[in-house]
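What follows is a structure written as structure tokens; I'll ask about it next.
Labels A, B, C and D are assigned to the chains in the order they are written; within every chain, residues are numbered from 1.
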């Protein structure tokens, strides 16, 4: 499946070393005055080549709108954006090589054929399409603010606070809003091996009543979304795994913004764990640490989930 | 949404204190000789009243097959099972009460109406339908074995081992296969507060190539499934949150059975964290600890995910 | 697929000679005060044994509500109804027989197994579940009125008029509102062979703007719905096949209630052609003419389509 | 909804006067050696400007593959094609004008906003995307041949024969394989008004067992597909509306290739009626008669339906 969402759906297409990547969004309501600057900003935040801790591949990532906009507003028609690939170096990816820890072996087994160049469809480059979609989703829910940051990298962990600011995060090349911790995190990366980490995310302004009581609980949809990001290995919301070590009398007041799978109007909080990338020492260009760039992908997917639930909720009551 | 799955779909229906609960399964292939003993066994494992650590509600949970079977085999038609509710005590649930930590408040806000009796649709009783579906799913994938157990309860944690046996688990009333740890876990519960915990799950015999490369990665589908279980707060696969504290040179060999979101033929391993239940001291009948009963629900949902992916895979190659 | 609808979905289950038939409806908005008399009335209209032109099978068709209602109102949870089968005579359907024109041969080929008793899942008895769903759908769209009648039977054809009344229709055992034509139709049936016919349907009060501009045009959804009724062979809306013989200057004013696939606020009109049933002289109990009973099935499916589009439309505009 | 299909899905995007149109196909099995000549040929057949009976808009319609192909074979990833718009003359479409019989009024009512240029998303130009998809679908089902032709135009009607040939059709500018009738049809168009017509279609080589017994009967899916083509007003399969005037003893042997909604291995036959286009005398460029170009669109949509059912059938039996 290359589609995510229930009534607000994004279908992404494109391979790492193919001609282009893109996303078709259906279910975007008509009449939204789309601020394309948000797309430009989010793509910039995601883009590689920003610092010495990220990949050297230098893609301009210019998104062209192919459909669905008329005089700056959405029309209800599919909203499509495309980004051309420019800086492929396919010769870096020898055909026979099956990189350990990557999708190379399993994709070949699944499909009997594989576009080996740069990881093909399984490349993290696919997330450029998700980031565009996320920039649209942020604008669908009035008053919603989705904010993620690096909360752990290798052995450095910071306390999670609602009060962290965008500027604090962006002043750190690992997107950690705690300056001292950020320095230790950068030092970990500079040791030369890849490292794992955790991204925390707060959603403010999520309307009350989103999510479904049974299978599509809001935390379940967020978990699906987060675990679909390359290299994600774990998800928790509210107290998460910590709740497993608690007694009920202690836990009851801490719900992470949902009760029974439905948003309760307070801020939603969740964390996603990422493994260290597997590409170290293999060839090709890639990140020593995906976490800084994944921060904006986490935000994009979270925004999409909330926007989808926001539209679904319109049908809940007669 | 009350449906789970992509080509193999279960739709569950029913409320805790309504006339009946049930499940309609579509996409079950024709020609499966269904062993209904598996359904009986799994319902028995899930059922309350098994020990002093679980709820006192005593439902016989007899599943009646309404459609889709002919002479013991599936026909390709919807496979439907229904379980009558017998032992409701609705008067235990005063109408105006909004139990903290429960779905009471959010369901009311979402729908503007609420069947307050026993938690209505949000009750864990809904999982009786999932357990039936899981018992069917186990039989769809040849050679698959899904096995879960309690690996942590409050402050007691055991090491995860592939070698744990069904008998070891079932000799423990908290479904922990380590006897010494099991005793400490029971002691935690007997202290009178509710406690959280972790359920670990191994899937052996999952065919190579299941899961999709982008949004429907196998760990993402499992995360969705697990986080939809009442009281779940966290999910991790393979090394999970531990991977976030690793370097790539250490992590590479540990993939938890998937690479790039697709099964690689080795055992799949994941863990789900549950919060302590919120019902302590509120009235009504409920469990001091949901973990023991949730073990079979984890297995059911995992089996459904794999069976769904197994059928989807039939369309992957020309 | 045993599910129909996009956001308002009905999943039907059950076989002609199995224990029960039923329908699970998801997406029904909460807060609808459900008039169950409508279900009783529509089931009565559909039921066999009403006259000498319909089947002798005498089912009481009592619908039991299993979930989704609380104090007479929908709760947003799955709304489930079940009807027990009582009057099966399975011995009338010899196992090896493949009745010509029926699904017997193709179902066996498709699934490799077949519940031969009374047509199993392919029996028109499945439509009892659709009629229940239709009775609910009628109540979702305020001010909507769906009215169908027999407009042709064998060689008798009547003119289509918006002004036909329910009483005129129900005074005819073939549900033809023109008394003289009705007599000729009955005479056709009494000749002993099965006969085909046409059902016309008007939808008044369909809100403006329903239907989608591309694949899910309102006439396309209605066509899908109608052609899924057993024995349906043709569908037309507005001028239909007549339009193919027209010039544009004549046709332009006649649009059948939709333009570009979207409702325009005027009455919607469509016709569905049914073949003569294939069961004559084969054994078992069945109708000499399905048309009279199919009238209420046409209405049910049409109401479902409009109600589904009505709810979808809530997401069209920001 | 801008997506068609159940497991094989096409999502089309683009407006008549936007930058581009395109289609993302998901569910295309991996390993298909794609003959792109089929796409070129079908686009050529669909293209305007072929004769004096079709529109003067001259689009080259060059399809660029954006994703999903590797060394000429499908990879299982989304298969995406894009066609740039080149020859728009948006000034021909005054903004305030609501063309009678068109989607102009209803789209404005539905979305509150409208890309008025050339009909926007509702333009028949969208079908360029469907034709590309159809050219792929033709190659998925081994041995399938889908062949459509003009069987009626205004008052000229020809007999339907399985034996009509491609060359006979293509020697007629109205795509009618009967030369004498073709001449009369052309004469009808030259009278200056727009005219309606009927397209007949034969599917040879459809495997036995495709289609579902209840809602997704093969004729229901074909009806949905055909009625989603701009200007379609009616659909019939097998004897269609003619069956309504038959007795069972006459009809039984004529099933149009399906029984109980499932293909029986014999050729499938259906007809689609189109109204006369509404654009005559309004301005802009358009066809006096859409039928000749719609022939290839009918084929494309039919091929997609069969290919989708073909892949679904892989899951029917254990």
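As a working rule, a contact is a pair of C-beta atoms (placed from the backbone, for glycine too) under 8 Å apart; a residue touches a chain by one contact, two chains touch by 3 or more.
These numbers come from a predicted model, not from an experiment.
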item: Listed pair (C-D, B-D or A-D) duplicating the A-B contact set, over half by residue number; value: C-D
item: Taking each chain's C-alpha mean as its centre, the one farthest from chain C; value: A
item: Interface residue identity across copies chain B, chain C - same or different by half; value: same
item: Centroid distance [mean C-alpha coordinates] between chain C and chain B, Å; value: 38
item: For chain A paired with chain C, centre-to-centre distance based on mean C-alpha positions, whole Å; value: 45
item: Whole-Å gap between the CA centroids of chain C and chain D; value: 27
item: Touching two or more other chains - residue numbers and ranges from chain A; value: 1-3, 12, 30-31, 74, 76-77, 110-112, 121, 213, 316-317
item: Touching residues (chain side chain A, partner chain C) in the complex; value: 7, 27, 29-32, 74, 76-77, 140, 213, 311, 314-318
item: Of all residues in chain D, those that touch chain A in their complex; value: 1-3, 9, 11-15, 18-22, 24, 26, 30-31, 64-68, 70, 73-78, 80, 82, 110-115, 120-121
item: In the complex with chain C, residue positions of chain D that touch it; value: 1-4, 6, 12, 100-107, 109-112, 121-122, 126, 152, 154-155, 193-198, 208-210, 212-217, 219-228, 230, 232-241, 243-253, 255-256, 258-265, 273-278, 280, 313, 316-317
